[in-house]
Each structure stands twice: as C-alpha cells, then as structure tokens.
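The structures considered in this document are given below.
Both complexes below contain chain A, partnered by chain B and then by chain C.
On to the complex of A and B.
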C-alpha cells in the first residue's frame, strides 16, 4: 500500500474563497479517511485584499507539522501566488487560470515564474465558473473540482462538504456550485493525471472510533466539556477568542454558565471565585491578558484555590503580533507574579494533546488546589488536525480532597499541614467547614500569620511535585529510540511537531538522534531531562522565542551545555532549519575538533 | 453616673445579645481596628442583619478586597474570602455564578471600591448580580497610615497631599445611580440602629444592592469626616422620598454638605443568575429543535 504524504497550498486574495476552499478540501480528505493537518495564514484586517494562504497536508498516518515544500500550488490570484512558486517541490504541480480576466504582461502571469521541473496546469478555471454559475465567484470550487479529478479522488466526500457549507444559503447556490465542481472534476479526470504525486488508499484503522478534524482551540473546548466545566469567564482576545465563542454556545446547552467579563482581571477573579465555591471554572486568554491576570494568579496560589487558565500565545511583547504565532509567554506563565508563586503549567504539542491537557488541567487544579495554566499558541490554536478522541470520557468528574467527615466540635483547619501537603477542603454552604481564605500568609486555620511562612512555602511547593505522577497524562516523552545517541532534540509546545519531523528526516540521513517533548513546564520534570542529557552527545533546543525561554528553564535544571535554536518569524519554525542544526551537531559529535 | 453603679444593667444587656444568637456569628478573632473605629458598628450591624433574616452562617460568604474595611471577613464566623485590592466584585460575581444559594456580601473601603476597583462596579450593577456591596467610606487610606482617597474632601492634608488635596472627591451615590444599581442606600456608622436596618434591607433585596456607609477614621482624620462633623451633617432622607423616583434620588445624592441617609432608590429586575438560567433554557430549546 502506498504511504500517502501530499501537501497542497491554496493562495489567493481575501475574497477569493482561498481559506474556504482549503477548508472544503481538508474536510473532504478527512471524510475520505486520510489524516490531515492544516494551517491558514491570513491578514489581521477583517476587510481588504490581503494575501490568504491555506496549506493542507494529507497523510496516511497523522503528521504534526507542515512540510516546507508543498506538492501542489493552486493559484486563485497570481500576484499573490508568484512569490510562493519556489515553495513547490521539483516535479510538483502549479494549477492556475489559463485565461486571465484581461490581457496582462507575461511577467505578471504565474506561468512565467515556474521553475524548471515544475508541472504547469493552466486550466479553464474562470471560464467554467462563468459557464456553470454565471459568475466568477466559484473559481475556488472549480479549482477544487480540477484538483479532485486530477488526483482521481472520489467526488462524494466533496459533494457532502460543499452541500454542508452552503446549507444555510439558497439551495440554488449549492446546486450551481456542485455543477461547477462536477464540470471541472470530469475535465480534470478525463484530460490529465498527476504523474508524480501519488495518493494511496486511506487506511481505516480507526473503525468504531469517531475520527474528527478540529483545531487546537476546538479540542480545548471538547476537553473542557468532557471534564465537566461548569463556569467560564472570559474577555475576547486573539487567538483565544474562539474558545469562548464555542463555549458560549455549548456550555449553556449542558446547563453551564458563561459570563463575558469587563476585563481579564475580572475573568480570572470570577474564575477563582467560582473555584472557591466548588465548581470547575476556567478562563482563556493570550499573553497580554495573562499579564493582567498574574496578580490574581498569585492569590490563587496563596489561597490554594483551583482555577484553569488557557493561554494561547501570540507574538509579543505588548500588543505585539496578534495574528502571528510565538512561544514567548513561557517565562510569564512559569514565573510571573509576586513572591514564590509555584503553579502548574502544561503545554500540549498537538491538537489531541490540547484535548488531553484541557481536561487534565481541571483534575490537577482540584487535586493540588492550584491554578493550572495550559499554554497553547496561535499555530496550535488555529491549525486543524484529524484526531481520534476516546469513546469513554477519560477525565475524573471530581478530584477534590474534601473533608470526608466533619466531626462536631473539632475545629476545621482549611490549611492543615498534612503528609501529602494537600489540606482537605470544604466549600461555602458546607456545614462545619466554615473558614476564611486570604492572600495574606496564614496559619493552618487561615488566619493572617507571618511566623509560619517557611513551612507554608514548603507546603505550597511540595504539593505540586505529586503532579509528576498524575494519572493519565504524559508529562514528558522520548521519541525515536532509547539509549545513547549523537544528537538529542528537546522541545515543547507546537514546535515539537517540526522537531519530530526534523528528527525523522535526520534519522533517514543516517544521523543517530532522538527527540524528547516536555509537556509539563512547571514544576519542571528535571530528572527525565537530566537522563535525556546524559544519553545525548549534543542537545538542541528549538523554540519560537528570541531568548530561549524553555532553554533557560532547562539551564536551571541541568549543568551540561546545549545549543539553542531561537526564531521569531511569526510563523511555525522551518523543519529544514532544525534539520540543518541537527546535521551540524552530528558533525560536531563525530569530529569534535572541527567545532 | 447613676447607671454605672448598677452592673445589673450591663449583664442584662449582654444576656440579651447572647440570647439573640448574634455573638455566634462573630468569630473568635478580635477586630484589629483602632478603638473607636466606625467599623465596629458595621460588624454589629451585619451580625444583626444575618440574625434577623435567619440566614444560616454556612450559607453566607463574605468577600473583601484590601484595606482596613477588608479585614472584615476574619471577624465573622461565616465563609470568607479576603481577596486582592479592588477585586472584590468580580470574585463575588464568580462565587454567585457558581452557587446561587449563597448569600454573598462584598466589602471594601472607599479606595478599594472607587480608586483601584472602580472599573468593576458598573458591570456588577448592570448585570444585577445578587450580592450586597457594603462600602465603608472614611475618606482616607487607613491601613497604609493615612493617605488621600478618591472621596477625600478638597483641601484635605495627608502624608501624600501635605500641601492639600486638589482632586475633587467622587460622589459614589451619583455614580451608583447612573450605573442602574437596583438598590442604593446610605447609612452612618454613628447610628447603629439605622445602620443595621439598612444592612438588613440591602441583604434582603434580590439583586445588586449598594450600601454606602459613612464612617470616621479616628486615627488619621481629625478634621474632616469625624464623628462630630458627620453627626452635625448627616440627615435622614425626608419621609416622603419615593424610592422608585430616580430623579429625586439624584437630587438627594447631590447634597454633599448634608448627606442624607436612608434608601435612595430601589427597583426589581432579573438578576444575573435569572438571566443565565434564561440562556440555558434558550440554548436547550434551540438544541431540542435542531
């Protein structure tokens, strides 16, 4: 069976339906049983004629990064697509409109820019759109029809998705678009066949489980709902808003309550209030919002109240680059705040991980009575992946250590010092459990007290260490083989997809390497990181921030030297970039003097 | 002097207080305020109100910010959350959203409410969160030892305005009226009977109730809002004041020289929880049709 791995790129101007056609394509491919990862790039402005790019990678087994080089480029606007021709591989195809809307200089037409070895497909895109729909608005659908025809993919999944897409519009729109699709499909299928791009039959290994395609933010929402989220408080901010938007629809359907607060400070304050009152509560934000929440987060640490904060990172500092991806809020998430404010920080590396971390965050917040930050980034929040979600809800409905048995006449101490450093908790309304909590340092009873600060600091620090053994979540994992290797790549968050891809490519070149992802950034699992270091000749830490924030955390835990790879382009890291570093480090291991 | 020679009277009084059950609502921690502070009578007023309304202590949650006033929860034997400076209302909102059955009191001073926490007040008011907000206004920052606050009078001298305060004081009652607060009242710590009655009414109101309590800082303010000054200035709202007449309430609120005490304005409208329940119904209705 052929192993499928193709990547398509749709490029056009806002208004060409570029993102829409990419969406139909990836949904149809997922429906046909392929694995998909997709990421769109569009301008921050809502209106205007900015450049839109939709990249879709279709594989037999789930991939976690996009390839640097695509196999096919579909141009819906030549002037935007021309600079991207170089991103198409040798013997890759470029699909474009053969007849421009008006006579144009040769240099402006994409056909003049193809590189030797690339295969041109100048097709009747606008013409068929005009013929079948009476206008040029369906150029994207025509291009899609050609594409499906050229690949010989069955049309049914496309029909279904197109119908779904237009179901809320006039039925004639769906009909004319289907006609447009069929016309170009037939012409594509009967005229050309893509020679150098193979598409295998998908493996249906997930029979019985529901395979879905969703973004990281949608996975967070699913995780929240499966974990039994009761209350959500939020303030809109890119790229986290879609979490709140879908919860606004879904949460009330399950009897939950959602409030759009006046700012991020109130969002976290209300989350902590609800957590104190005993419900599962969460908020979602991005770096600028997290900065505002930090003081309240410290209160959550001090008063030992559970709360969950989702932070989807974007380019910073300050307002930064709202529609560009970055991993630069790690220091803020781990260290931000006054005093020694230890908290749990989780960073999923892919969409499935986003689901898992979201749900587990509620268990951890309750069990360890602490704020838990789940760090995502724009790339992970917005990209689509096919995921197989477990049929059985994997999350515990209640992880609290409540006071099992309230004896009459025995004073209840909310912050009692216990063996596991977790004090049994009561919630307002509970008989016999009355107490007051505070952001002041306090004694076991919760009364302001400075004498006990050392002991309480130790309690708050030590209780979190149990999270290393929290059931049902991978907090670190090594890939690509055990034992001694020349090069080890250590990574976190969404960049681990590119790291994993680079590792596979390096291994294919014969480089002895392996990779390790760290999902729990605070408390940091130092021991496994140290063990990984001792197995690797050289260590590389690639991440999307300028200073090497994760590298700094690692440097505080291990004494060996390592190499940092920091990029802040606003887009995902190039696999090739990581691969080059791996090659370089592998050479250094082989001939240390050359370095 | 005659009464002082008869200790029987005091014991009888104490016995009455004990029997009322009010003392049970007090915690074992003694208030840390200065002797003579107006806040003592507020503690008393709150215990009377809870006692009078027969609310179980376990069902009361007192949320406060930071400042002298905000030490309040420690002195009651109810659930309490001493939060951050200015963040009383959003925390209280979260608690109420999580559990409607609780009686939630939010407490803060004039600085906590109108300086750092000012942005949260209109939103709690417009959402009509069913909580009672008691603001203890002494026109000074007491816990940090006497600095100017947003309700300090013009010309007031403190450690941070040694020459004189030139920032005009806010008029909290006017602000609250303009925010569509559904219950607005004012009282005075020097009149414990009036105070406990107003607190009782405020807690009994279903919706966001705001009680402004004028209270002297005996340590750091010897000239402005002292007992003797307030006693001379404060007056009862006229008997014929109609608490559904917002314009009349606004006129009374503008009388800053002789602050009127009593119920300024009251209206009944759906609370935040009522509206959230409605959203759940709508969401489920839509879901059932789909």
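On to the complex of A and C.
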C-alpha cells in the first residue's frame, strides 16, 4: 500500500471562498476514507478584507500535526499567496490563475515568485468560472476541480459535498458549481503532471465506531451533548464562540437551555447557579473572559459547586491576538484567583481528546464538587481532524454523591468531613436538605467559621486527588516505548501533536526518545512525571507561551533539570523546531562534554 | 554601486541559459529573468531518447541543479507566455496581463516544430518529441518493439531513430525534403545517407506524399497512414521531424525587423539597440553569403548565447560565420551528425 501524506494550502482573500474550498476538500477526502487534519487562518476583520488560509493534511494513516511545508499551494489571490510560496517544498506544486481579469504590474503575479524547485500549474481559473457559471464567484470550485483531476482523486465525494453545501440554495447554484468543478476536473486530468505526489489507499476504518471529521470546538459540543449538558451560559469571544453557536442550535432540541449573558461574569455566575441547582452547566470563553470569571470561580471552589468552563486560549495578554493561537492561560487556569482555590484543569491534545475531556469534565465536576476548566486553544478549537467516536455514549449521566434516603431526617451537613473528602450533596428544595452556602470559609453545616479553615482547605485539596483515578479518561500517557531513553519530550495541549510527530521523526533518525502527554494539569500527576524523568537522559518541554508555564508547574514537582522550548509565534509550533532540539539533546547525552 | 540593469531573456534553452550564465558573471548585481512557456527548468532535449531505456524522471535531464538558480539569482519564470514586446517603452507583456520592464532584452525563444499546411489536418494524430512531456507521452503509448512512422527525419528525428532501433523498435522513415535538416545535402549524399539508414534497419519510403492519416481500428495499431501511391502503413505512432520554425510571433509589431527569424547583425543586436537575439530564432547577417541565415546545433547556439551576453554588457564581439557542419558516415557506416554533439 502506498502511504498517502499530502498537505495542501489554499490561500486567498476573505470572500474568495478560501475557507469554503478547504472545507469541501477536507470533507471529500474524509468521505473517501482518508485521515484529515486541517487548520484555517482567517483575519479578525469583517468579510471582504484580509488573508485567509486553509491548510489540509491528508494521510492514509493517522497523522498528529500539520507539516511545516505543504506539497501544494492553491492561490486564489496572488498578493496574499506570494508570501507563502516559500512554505511549499521543492518539487511541490503551485496552482494559480493564468488569466486574471486586470492588468498587473511587474511582480504582482505569483508565477514570478516561484522558487526554482517548485512546479507551476497555471489555469484559466476565472475564465472557466465565467464560462461555466456566468460569474467569477466559483473560482474556488474551479481550482478544486483542477486539483482533483490533476491528482486523479475521484470526483464523486466532491460532487456529494458540493451538493450538500448548496442544498438550501437555488438548485441552479449547485448545478453551475458542479459544472465548474467537472470542467476544470477534465482540464486537470489532461494536464501532464510533473510532481511526485501520489494518493494511496486509505487505511481501513474502524467499523465499530463512528468516524467523523470535526473541529475541536465541535468535539466539545458533542461531548457536552453526550454528557447531558442542561444549561449553557456564555458571552461570545474568539475562538470559543462557535461552541455557543452550535449549542444554540443543538441544546434546545434536547430540552436544554442556552443564555447569552451580558458578560463573562454573569456567565460564570449563572453556570455556578445552575450547577448548584443540580443541572449540568457550562460556559465557554477565552483568556480575557476567564480573567473576568476568576473571582466567581473562587466561589465555586469554596462552595463546592460543580461547573465546567471551557477556555480556548489565544494570544494575550489583554485583547492580545484574537485570531492567533497560544498556550498562555495555563497559570491563570491553574492558579488564578484568591486563596488556595484548587480546581481541576484538563487540556486535551487533539480533537478526539476534546470530546472525551468535555464529557468527562461534567462527571468530574459533579463527582468532586468543583469547577473544572477544560483548556483548549485556537489551534485545537479550529482545527479539523477525522476522529473515531464511540457508538455507545461513554459518559455517566450523573456522577454526584447525593445524600442518601437513610440520612434524611438527620441534621444535614452539606460540607461534612468524610473519609473520601467528598460531602453528600443535595439539590435545593429537597426535604431536609436545608443548608447554608457562602463564599466565606464555613463549617460542615456551611455556616461561616474560620476556625476550621485548615481542615476545609485540606478537604478541598485532597478530594481532587481522586481525579487521578477517574475512570475512562487518560490523564497522562507515554508514547514511543518504555524504559530508558536518551531524550524525553513532555507536552500538553495541542502542541503534543507536533511533539509526537517530532518524536517519530527523531526515532526514524535513530534517536532513542519517547514522549509523554499530560492531560490533567491540576492537580498535576507528579509521580508519573517523575518516573518519566527518571527514564530520560534529557527532557524537553515545548509549549506555546513565553514563560514556560507548564515547565514551571513541572519544576515545582520534580527536581531534575530539563530544557524548555518556548515559542509565541501565534501559529502552531513547528515540528522541525522540536526535532532540532531533540537532536541537540541527543547529542548532549552522547557527548556531554562536547555539548 | 549596485547595477540597476534588468536583463530579460525570452527562452529557456541553450542560448538563453548560456547568456544568463555570462550575464551573471559580468554584472553580478543585476537582475536576470528568464521567461519560458515551459514548466521545467533548463533541461537537455538532446537526452530525451533516454526515456525509452532508463528509469528516469525530468529531474535527471536538468542541466543545472536547482541550487544554481538560487545561487546565481536567476529568476526563471516558467509557464509564462510573452504576447507582445514594446521596444519603445522597453516593456513586454505576458499572457496573464503582467507587464515586465527590461534594460536589455535577449530573444532566444528557439524554434517550434514545423508542420506543413498539407499535414495540419492530421495534427491531432501526430506525436512530437520536442519536450519532456511529449517524449513521455510517446514512451507511454508506444508498445514494446512497436512501429513508428517518421515524417521527414531531421537530425533530431534521426537521433531518436538510432536510439529506438537499439531498443528493438521498428522505424519507417518517410523521406521528404526536410530529411537530414538542417544539413544541406546534395543528391549523391542524400542517396548515400538513405542507404546507410536502410543498412541500420530503417525502412525508407521515398517519393510519396501523405494522402491520409487515420486512427487505427480497435485492437489494431493506433495509426493508419495512406500514401498517394496507394500504399498503406499501420503504425503505433506517427511523428513529424520536419525541422524548426523560429518561435517569435510575439515580436510582430515590436518594431524590430523580422524575416523568417529575427534579423540581427553579427554582434547579435537586432534593429533595436536594446534587443538582441540568439539561437534558432535569429538570422545572422553573413557577409560571405550576403544574406541573413540561420545557424543550428548546440555549439553554435551556445556560442551565440555567450556573444549576446558579452555584447549586452559592453563588449563588441562578432559572430564569425562558421562553415556548415557536415554529416558523415563513421568507420562502421553509421550516420553521424555534428549537431548531436552537446555538453
């Protein structure tokens, strides 16, 4: 079997249909059975301005990140695509409009910027669009058809996706777009191909489960729905908004409620209120919103109320870089707030993980009676992956430890000190369940009392440690083999995909290395991390923040020195960057004095 | 002080690339742009018959590695078609509506395969061998030990023929006045060389005209050639090798004198002081023959590229009228053309 591993980059202006064509391409390839990872970059401005890029990696076996260099660039707007020509590999291809409508000055056409090793494929994109649809709006579909024809990709999945995309519009729109696709498909098929890009057979799919393609945010929504979310409160903020948008459609259909509040403080307050009332409740925000929520989050900790907060990180601080990715809200998520405000923080590393963490967050919030923060980032929120979801709902419908019937009639201590540090819960209005709830330190009955602060602090801390053994969720995992290795790479969040690819590449070069992902960042699973450290000659911790926030957490748990790799480019970390560091550390292990 | 010159070369063959190389040496700070309709960097067309007996791709035919272009800052604009040159404004236009300014322009766009009017109706049924893509197409459709009809048989065709014979293919040569082009052979030499071709195993058909070329019947050979004397041949491909015509239509209306090719003086300058020409596209003034004439072959063309580049950068070197290279038979009675020699 020939392994397929190609990455395409569609680049154009907002309004060119760049993201749309990337979407059709990735859906068609997923429909054909390939694995897909895709990530779109779009401008913060309104439609009609700014650069849009859609990168799609198509593989026959599961891949874990986008590649540093793409194999094919499709330019829908040369002025935006020209700066990205250098991101196409030698002997890669560039597809562009050979017959644009307006005269241009020297240097404005992309053909003048191709590197010597790249292969030009000029096509009459606008002309074909005009001829087949009567306008230039289908330039993206023309480019797509040429691409599919050129590489011999079957047209059927594209036809289906195009029809689905336009099914709610006038039938003539679908027909003309299909005509545009077919015309350029034939042109592509008859073009003499010079590159060496081959599509092999996709890997056999897991027939027992549901294979779907979705973004990280869509996976969060699915996880929320499968976990039985009842109430969602939110205030829009990039890159978390699409969670609320999807839930606004889906949740009411399932009997749930969604409220767009006036700000993030109201959103978290309502979430805690709904959690207190015994429903599954959540909110979603980004770093600036989480900063506003932090005070209320402390109330959730102190009052031991379940709540789930999804935080999709973006470049910060302050308004920062709304459409750029970063992993710099970790300190805020783990430490933010007044006092010892222990909470659970989960950070999925991929889209499938986003689904699992979303659902499990509700279980954990209920079971350990605490706020749970699920940390995503723009890269994970917006990137598409083909994922395998279980056919059976994997989430418990209710994980609460309730006051039993036998306890009824006995004086109720909402915050009773118990062996497992988790107090029996009751739902407001339940007979005999009267209690006080407050942000002040309180005794077992909930009445303000600062004499018991030490015990209560210990209770709130220790109850969370049971989350290490929470069923059905992987809170840390080692990859690449057990035992002693020269280099270990420790990672979290979306960057772990790049770490994993770098590890595989390093192993292919003969470097003895392995990688470990940490999904639960608070409480931190220190013991497995220590064990991993003891197996590694050198340790590398790559992350997308300037300070090394995860490295700081790790440093508080282990004494062994390690190397940090911190980048804040606003885009995903480069696999090559990580690989170079692995090579460097491997050399240092082999020749400690030379390094 | 950095040069502000922008040397633009139309054509990505021997002359154009030799000129680019010398221009870079003589004016290190200048901009150099090669414009070509093809999608590949400079490759050796002389090597194309290798596609029949080697597992190779186009990268194996490149004359220079891709790093050469980066190091020498030679921008090769591929898949770009020149539509018009404005000598007055010193600009040229590309088909995609981009306008390029130049300081000095070298036209080295070579020649296109000649196809006489009486064969133009059959063009879709003919296979050329002038480009890598065309060569691959012939290779892909030609069955093992298949049969090829060659129309004419210029030196490029004869080179292919001798290669294909070694691989066991059957060659049928339909001799025309372009046979042995661009060599000028008299009737005795012609008879001698045709005899040598027959001895090599080529079936030579003389003094006939093509009446019809048709697609073969299903399950049969792909082509059916009918001659005016009633003879018929079935073959797998029919390939015209009838010489070259200068490919410089875009120079029409530029204000530069044009006959069959671009007319240049012996320093290779056209009638415009900023436009030069080299290679198969130009006719050079020959004082000996008192006329403009073409010169062919790798060595001639390469030399023209060098002279043009040197003169564009201030020298005044003249093309020395060479005697024609003669075709001959070697000790094994094999035809040898000096035009097959290349670096």
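Everything that follows uses one rule, which is that the second predicted complex is superposed on the first by the 580 of 595 C-alpha atoms of A that agree within 3 Å, B and C clash if a C-alpha of one lies under 4 Å from a C-alpha of the other, contacts with A are read in each partner's own complex, and residues count from 1 in each chain.
Simple rule for what comes next: a residue touches a chain if its C-beta (ideal position, glycine included) is under 8 Å from a C-beta of that chain, and two chains touch if they have at least 3 such contacts.
These figures come from a predicted structure and were not determined experimentally.
By the document's definition of touching, of the two partners only chain C reaches A:105; chain B does not.
Touch criterion met: A:194 reaches chain C, while chain B stays clear of it.
Contacts of A:184 after superposition on the shared chain: neither chain B nor chain C is touched. When the two structures are aligned on the shared chain, A:215 is found in touch with neither chain B nor chain C. Put chain B and chain C next to each other and count what each touches on chain A; the higher total goes to B. Of the two partner chains placed by the overlay, only chain B lies in contact with A:261; chain C stays clear of it.
In the superposition on chain A, A:566 contacts neither chain B nor chain C.
Counting contacts as defined above, no chain A residue meets chain B in one complex and chain C in the other. Chain A meets chain B in the complex at residues 230-231, 233, 249, 252-253, 255-257, 259, 261-263, 265-267, 269-279, 281, 295-296, 299, 303, 427-440, 447-448. Residue ranges of chain A in contact with chain C, taken from their complex: 90-91, 97-100, 102-106, 108-109, 111-112, 114-117, 119-122, 192, 194, 196.
Contacts from chain B toward chain A in the complex involve residues 27, 29, 57-59, 61-63, 66, 73-74, 77-84, 87, 89-99, 101-102, 119-120, 122-123, 127, 272, 276, 279-280, 282-284, 287.
Contact residues of chain C toward chain A in the complex are 33, 39-41, 57-59, 66, 68-70, 75-80, 94-101, 133, 136-137.
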